[in-house]
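Before any comments, here is the structure.
Letters A, B, C and D mark the chains in the order given here, with residues in each chain numbered from 1 onward.
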Amino acid sequence: MTQPASNPETIRVRAGFELHFELSRPTPMLFVVEPTERPGQRILAARKRIFPDLPMSETSSYTDINGNTVWRLQAPAGRLEVSHDLLIEVSAQKDAALGHLPKTPIEALPAHTLHYLLPSRYVDSDLLAGEAWTLFGHVQGGWAQAQAVCDHLQTRLMYGAGSTSATSAREAYQSGYAVCRDFAHAGVAFCRALNLPARYVCGYLPDIAVPPDFRPMDFHAWFEVWLGGAWRTFDARHNFPRVGRVLIGTGRDASDVAFNTVFGGFEMPRMKVWADQTGLSELPPMSDGFPVTPTAEGLALSAAWGDRA
Amino acid sequence: MTQPASNPETIRVRAGFELHFELSRPTPMLFVVEPTERPGQRILAARKRIFPDLPMSETSSYTDINGNTVWRLQAPAGRLEVSHDLLIEVSAQKDAALGHLPKTPIEALPAHTLHYLLPSRYVDSDLLAGEAWTLFGHVQGGWAQAQAVCDHLQTRLMYGAGSTSATSAREAYQSGYAVCRDFAHAGVAFCRALNLPARYVCGYLPDIAVPPDFRPMDFHAWFEVWLGGAWRTFDARHNFPRVGRVLIGTGRDASDVAFNTVFGGFEMPRMKVWADQTGLSELPPMSDGFPVTPTAEGLALSAAWGDRA
Amino acid sequence: MTQPASNPETIRVRAGFELHFELSRPTPMLFVVEPTERPGQRILAARKRIFPDLPMSETSSYTDINGNTVWRLQAPAGRLEVSHDLLIEVSAQKDAALGHLPKTPIEALPAHTLHYLLPSRYVDSDLLAGEAWTLFGHVQGGWAQAQAVCDHLQTRLMYGAGSTSATSAREAYQSGYAVCRDFAHAGVAFCRALNLPARYVCGYLPDIAVPPDFRPMDFHAWFEVWLGGAWRTFDARHNFPRVGRVLIGTGRDASDVAFNTVFGGFEMPRMKVWADQTGLSELPPMSDGFPVTPTAEGLALSAAWGDRA
Amino acid sequence: MTQPASNPETIRVRAGFELHFELSRPTPMLFVVEPTERPGQRILAARKRIFPDLPMSETSSYTDINGNTVWRLQAPAGRLEVSHDLLIEVSAQKDAALGHLPKTPIEALPAHTLHYLLPSRYVDSDLLAGEAWTLFGHVQGGWAQAQAVCDHLQTRLMYGAGSTSATSAREAYQSGYAVCRDFAHAGVAFCRALNLPARYVCGYLPDIAVPPDFRPMDFHAWFEVWLGGAWRTFDARHNFPRVGRVLIGTGRDASDVAFNTVFGGFEMPRMKVWADQTGLSELPPMSDGFPVTPTAEGLALSAAWGDRA
């Protein structure tokens, strides 16, 4: 089933998750976890499993105000298992670096980007406006300004826990510690303060052409800035052009694209996330189980990128 | 991999298609073929293949004005193969028969249903208004009126080719011959003429709990009428409650939901469609090839329905 | 209250209508008559009157699938009067003539334009495809092709009644007689057949810088073609760059933008439409009544355009 | 021009604003100030004026992600005057008090209401969840719970400045001082924390059937809670059923519906807002100027309500 990609312009990524919940009572849940077809990513195969199998009336799916696909379900008390396994074709190009892109004047921004200039729950850009202009106001150019924000956050923030689900961009920034969610919030906040429309992105990021990371994989968060007539990728956490991103959803901040929202108490005894380059042309049978990232195949493919870069 | 469905309220259907095209020049194409999550249908697994593998810039996907997912691609000259294979969970209930549902007065219809009262390209309901009221004006009740339309079309129209892609509801009706597309158009036309919002539906219809049909399977068309606050299924072609429908798309008429729209000349040396009940819990490996409907498993499961009905 | 326009780049138009209906029973009605803010038109003042004054529950307004504002009301039996009076600022530029605009290849069209390539109720473009390519297939350029369609229709069709509300583009074209609705349908049909996205437009067209027309004014219909990344105005009826258009709505054809749709029998003892250039900076008091177009002021302003052109 | 309302079920309100800005440079501006047709409010007449008259390219209007109409303009340096004057027909009913409405279980909420359960910039409901359940968790019923929130805020918060445009619900709540914006934020925050979908509303509120308030009128803010299948009005500031509300826009919080957003520095030497019951059947000529609320007519009509109540 493994075969060389027929198209040198693209690579294939296997990504997905397996979550187990323990619920003490029937519980409404939302999941923003489904990557959809987008420029730069094609869903070749997808497999979704919810156990126990719920009656038709207890599950649905809808498109939210931000255009994301949301799974909605009413879980019974007890054990709930949700998994998703995907084979996705994405561009073999690294994140673009378009340093020449100018800042779009506010009056020339498309209407649909304007609300990404406003503050939101975890992006208290109004409170960072002074600092933003002091630090970055002198930087010429739109891309350059967003990049300067990322560069600054790399220096200023140390990767590490410390934040909670209630931490805002400013709070994380002031604490000096950040996880990917906080890096993204801070990046978005400074950009909005600088009148660059910016939105929060969640998705999968496989380790390709970078040293392998053996810590358990998780969903990743980065952000996008509207420049040159399109949303452009920035990742203050890594601050390095990457290949293989699989975009799940976008929103004002993490509150819009939490991978799950549980209306009630719960325990999560198992959370497994995977995202890895692969030569597979179809998903393996379920009896093979779910992979642990990085896989041997992923490591080999990642290493081989050294020759391409 | 085959296991009894854990949920007696649902069944699983494997459905899909394989199309081969011969194109003499680069050709823009649209496909409305992707069933999505909806009340009553869950996509458990999906596999999509386009050969040759096109550059990222040559394929995309969008949601059209009717809410359908459209695949768009720019095919190169030569052979193009497109296939889709799905495992879908649908309700084990037959099409509802809700004879008591009254006709919603026009003034009480939701705004989003109103344009389904207007004529459209193949639904020349304005030209059938007189006949509609003569034949069905005396029927009391909304469901009863739509059902009387279906009953009449069953008697009046003989299943058989004769129409072309340009045939309107009235033309098919007058000819006396109809394929599923024409049955649906005529049903929609009479309903609209009677002020019942009606829309055309395309999808898959497996043979479950009915005598097997050994002719090559095709996509199916039926229609929906807004009654009792929801879209309700009617199928003038079969005019008999069925189980296992997989809805792909809805629109004003066949022009909105043609399974493919090819902007240029083409030949289609191969067209295979399948839709069959299955006990599978995942899609078989691609090396097993695509099924021919009805499969032996589908026949057995269909026959077993005799005991349930 | 009359003052020179302060902005030489714009002019002001007073437009509106007064309709009286006689209804023998309570009747649902829809009106697509409300011009809204758009590029090139600003609503300075608007006044709407429905008599008798209906309870809140009997009127509403919604945005339809095409983005048009629709008034919806449940009229009681008896006399119903509906009027609308507007002061609108529009560009002082004549319809653009951009003969250099190329035809956008289908694969480069934005997704939202694609369904304007499909046939619709009164635009049976599929049946005119052969004639379209014979007549216009050799014309190079997108604008040039759409203009060639208009030039041909000017020659081929004589202005005059003959069509009904059920007449399609092809039927009108073959009859040789057309009103503005038919000119627009035929223009749209030939363009769609040529793979130019085209949509039907209804609105007001004052007589400015043209010889006055003393016949009773009516709503006008024209069409738009997607060229050079925007919808461009074509008017096969006049086939001459005009100034002062006030756009009310757009759709696939006249069925989408009928200025009124009455679900039941009715008489219309009075229908008055006006659209005229004006120097007014506000609407006159209602006690002055509604104008008859062309007004003396409109005639004078129209004549003065001779000097500008 | 003054005449008794012909419909005892409705009243007429004249509302509007006049704003003068002094801008030191060309400045992009957004205004969310336009009431549109909605259940319960009809726009009979509207007059809009922007001075100086800007070129067509410098103004536009769009519908934002929340469904609000937004005016957008690129103002030149210098003086900018913006005014809007409206005659609106609204229900003569006071805000409904539907104490029997139960809380809709989360699993039964329509999808479009779910994001009104999430925190937003000024509605830090996640931080008030503990207090919300302590204070109101025991209250049975959805309406009752929302009303208990309003009653509590009336007691707990004193009307008065103290907040800024950056003050969140929790901050205002803890300060003990609130203006209408803060009352609304706090009400929304507690409701969301209690799993009641809630949204912020801005609009006009005339003084009808209440003692006259001779302080300068301003825009007003209140909130809505989804109960019994519809958005229901709550006003923690007044906490008393009112008549005559004119709804302008809704959103997650004040950041979504700021009446103006100015991208740059400005002075506002004049801000006048009016909203008053009236017997007028059309707007007076502009030469009469704009009214100061309460007008003598408004006071008389308000007083007359004593007899109705």
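Structure notes:
Just so we're on the same page, contacts are C-beta pairs under 8 Å (C-beta built on N, C-alpha and C of every residue); 3 or more make two chains touch, one makes a residue touch a chain.
Keep in mind the model is a prediction, meaning the values are calculated, not measured.
Looking at subunit B and subunit D, the chains in contact with each of them are A, C. Farthest chain from subunit D (centres taken as the mean of C-alpha atoms): B.
Residues touching across the subunit B-subunit C interface largely coincide between the two copies, over half of the numbers being common to both. Work out the mean CA point of subunit A and of subunit D, and you get 36 Å between them. With centres defined as mean CA coordinates, subunit C is found 46 Å away from subunit A. Shown for subunit C are the residues in touch with two or more other chains, namely 60.
Chain contacts in this assembly form a single closed ring in which each chain touches exactly two others.
A complete list of chain pairs in contact reads A-B, A-D, B-C, C-D. Those residues of subunit A whose C-beta lies close enough to touch subunit D in the complex are 28, 30, 58, 60, 62, 64-65, 70, 72, 74, 105-107, 111-112, 114-115, 117-121, 123-124, 126-127, 165-166, 195, 255-256, 261, 263. Across the interface of their complex, subunit B is touched by residues 1, 5-7, 9-10, 36-40, 42-49, 52-56, 59-61, 63, 71, 89, 91, 281-283, 285-287 of subunit A.
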